[in-house]
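Labels run A, B and C following the written order; every chain starts at residue 1.
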Amino acid sequence: MRLRHTAAVALAAATIAGATLVAQQINGAGATFPDPIYQKWFAEYNRLKSAVQINYQPQGSGAGIKQITSRTVFFGASDQPMTPEQLQAAPGRILHFPTVLGGVVPIYNIPGVTAELKFTGPLIADIFLGKITKWNDPAIGKVNAGVNLPNTDIVVVRRADGSGTTFIFADFLAKVSPEWKQKVGVNNALQWPTGVGAKGSDGVTGQVKQTPGAIGYVELTFAIANKLSYGSVQNSAGQFVRASTESVTAAAEAAVKQMPADFRVSITNPPGNAAYPLASFTWLLLYEDAPDKKQAATMVEFVKWALTDGQKFAAPMGYAPLPKAVVDLEMKALEKVKVK
Amino acid sequence: MLLSKARTDEFFFRGITGAFALLVIIGVVAIGVELVRESRLSIQEFGWQFWQTDTWNPVAGQFGARPFIWGTLYSSLLALLISTPIALGIAIFISELCPAWMRWPLVFLTELLAAIPSIVYGLWGIFVLVPFVRSLEVATPEWMRAIPLFSGPPLGVGMLAAALILSIMVIPFSSSVAREVLKAVPQAQREGAYALGATRWEAIRMALFYARTGIVGAVMLGFGRALGETMAVTMVIGNSPQINWSLYKPQYTMAAVIANEFTEATDDLHLHALIEIGMVLFIITLIVNMISRMFIWSMARQRKPRAAAAPPVAAKATA
Amino acid sequence: MIRDRYRRLLSHVIVGLCGLSVLVALVPLALILFYVLSQGVSSLNWAFLTRMPAPVGEPGGGMANAIVGSLIVSGLGAIFAIPIGIISGIYAAEYAGTRLANAVRFAADTLNGVPSIVIGVFAYGIAVLPFRQFSALAGGVALGIMMVPLIMRTTEELLRLVPTSLKEGALALGATRARAVFTVVLPAALPGILTGILLALARIAGETAPLLFTAFNNRYFSTDIRQPISTLTVQVYTYAIAPNEDWHRQAWAGALTLVAIVLTCSLLARIATARMEKLQRGS
């Protein structure tokens, strides 16, 4: 008993000593997709302003929304906008700020095929619905004339864990396939009609690489970082577009005209010739009126930096920078956050 | 004067130590209560149907736990089938057969298996075990594939990979407890068997019979461990909720679905359904431990009269 | 005669099978250790052990904060679990047979079987949500809950193995029950209890799920127990699911460090036990 007492006192002394040395640390949690660029931003910003330490943990979009709602972290991050019910449940008004853009690409492993395949939206939906089961199905051959597709079974590989990537993927498929919308729907975790569930994009990539005839989906950043080959997808203008930072930014540009004031918008299957159809914003979530005004002021300054100077780090890492029109709208919206 | 001080000292001793014991019990009860409380939306919505439905649809808000209960029980039972003979073999080898100098290192090595973090098992599983299982599946002859037990495309991930990795993780637990139990068999019993002309195996068989309830308890403890394993399983089982006897088909366990969907779930009903799965797992673990406890207790109660009759021999046996 | 030969043959076969099962168990152990070693050793260097995490693309990041954090959180868990485990174990040993003793034994075994993710969720509910704060303390609570059953059962079993003659001798000399237990019986059982504690530490050293919801994680170096803190398991997990090769390699180095720490603890436990037992037997 006594030993425990002295130990507790010693520990308290050490932590008080530790606390006085620590700079202002702000905690955030949320999506795994933007984690690499967020960590880059926080490190760069820390170099500029050494007193600001932002601790972000990629626990998942859902966790981010949960944590900011229960105020266990100061800011959240999500690959999908909060639903009206979630906004209602929060103790205060939560504002969304798009920070960067990302895309989802289809990856595949077909023995003997090295060409880049073309997919239409309905085609992908039918494959993932389990309606098309072989690679030499005429529907696939129709858009890939000249490619010798073998008579191999298609093995669908999807995400087992809930993820923003799944949300974007499902969001797109629901727009191009009424059957998908009715049977499966849109969420970060789904009841998949077929396929094997792999854990994380890493798991999907590993499974696809090991399984002949497999098809899966991963983030563009992941495909670039791991030098994976991926197919092109047909957009709403009928063009087959290969995902790249340019084509993803083009998708956002097309959506600027209908941008709602709170930035909660889906930009999958947008208009525009050069737009990549499987693109999405990722958002930073901040309270309009947070109790800690100092942290709010720090975060607003950081977001302003991220939207301007920070964007130059995006493309080298595989993220698409925001179009200028969106950044302008956001700078104005940032003034809504109360910093005094 | 001396008597009343002794009595108050006794009172405080019993009171304080008892309070700590009560704290442990309260803790466990609190976990159970918290589980029920945090799953009330799902309990209200689905009731007993939760245990009988196969749908798991976060979009439509339809949740049923049956495929997960199946996956957990099937994978754990398979793990038990594979690991028990091996664990017993190790326990017998260490306690009865191996030379004294080998004992210490072997015990250390088996405990090392228990010390490897489950995430390391999971990563090793994806990169080493799954390709190995896939090559096994590809090499399966056609006539075997016709049997429902081995039907399905060769994916690598699936029930077989999960059962294998679970059995590796469970072996150290079952074998350590079995070893301790065998150590407690009085030497007099063994000496009696040899005096009657028994072979090595027959003497071991006698010891196993004597310690049978404890051995069953050890096996049940391993079973309990397999039920709750999360990380390693989710990386190799394929995560598809379906009820299927086939070893090659991907399936899903309770612990795995909680780990996969908990951090991303934002819909309250979805969250509560996941926690209700945690509650189901808690109840099943409770039942398994209850059964294993009962066996170990009956074994311990059997031991006392005999141990009292031969203390010097028992002391030699534990050395 | 033939029956004898059959019996002897059967005996040899079974003995052989037992030896074989030892090898069968050791094969995956060797494979896993070899795999972790080969993946992690190339990234394990002094920089790794002493530097903070670096963002993607910048080489030379480390896990120093995670190593320190793991030690702090495990230490907190031990501070929480050791008194509770030992004292309730004393009760279960001294008053064995009472309803409370049976109940606490059952509770401890149940607690032992609860999946770590459920304990993480529970600890989140009682140690994080009410304070709206992730903290190393909450992580210590979660790990402590997992350590209690192991420590309690080891203490109880070992106290019961101590010959009653020792305790009776102390009581005969006029000691109270408390004094007899604390000054005579407990020291006699100490080597085993220490093993139990070190094994409990080894058990929780590899846990990720309970820490995700309690200690959170921290990119920066922190020893403040009321703030989020980095731990090896969570950091390894975060890096392992990330897209870059560099982080993957660091994840393996982290896993290797973890296995090395747990190995050392188990080894120390065995050596300490053997030495203490030798001392006791000598005196």
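Heads up, the rule we're going with is that a residue touches a chain if its C-beta (ideal position, glycine included) is under 8 Å from a C-beta of that chain, and two chains touch if they have at least 3 such contacts.
A quick note: this is a predicted structure, and the numbers were derived from the prediction, not measured.
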Chain at maximum distance from chain B, centres defined as averaged CA atoms: A
More C-beta pairs touching across which pair, B-C or A-C? B-C
Centre to centre, by mean C-alpha position, how many angstrom separate chain A and chain C? 37
Chain B and chain C have mean C-alpha positions lying a whole-number Å distance apart equal to 17
Contacts with two or more other chains, residues of chain B listed in rising order: 127, 259, 263
Sites on chain A at which at least two other chains make contact: 59, 199
Residue numbers in chain C touching two or more further chains are 83, 212, 240
Hey, which residues of chain C end up touching chain A in the complex? 53-58, 76, 79, 83, 128-129, 132-134, 212, 216-220, 222-228, 238, 240-245
Residue ranges of chain B in contact with chain A within the complex: 55-60, 126-127, 130-131, 134, 153, 155-157, 234-235, 238-240, 250, 252, 256, 259-261, 263-266, 270
Touching residues on chain A, where the partner in the complex is chain B: 59-63, 65-66, 82-83, 86, 153, 155, 160-163, 184-192, 195-199, 203, 206-207, 210-211
Which bits of chain B are touching chain C when the two form their complex? 2, 5-6, 9-10, 12-14, 16-18, 20-25, 27-31, 34-35, 38, 85-90, 92-94, 97, 104, 106-121, 123-124, 127-128, 168, 171, 175, 199-202, 204, 224-225, 227-231, 255, 258-259, 262-263, 275, 278, 281-282, 285-286, 288-290, 292-293, 318
The chain A residues in contact with chain C across the complex are 1, 4, 7-8, 11, 14-15, 18-19, 22, 25, 27, 29, 32, 35-37, 39-40, 42-44, 53, 55-59, 70-73, 199-202, 219, 221-222, 225-226, 316-317
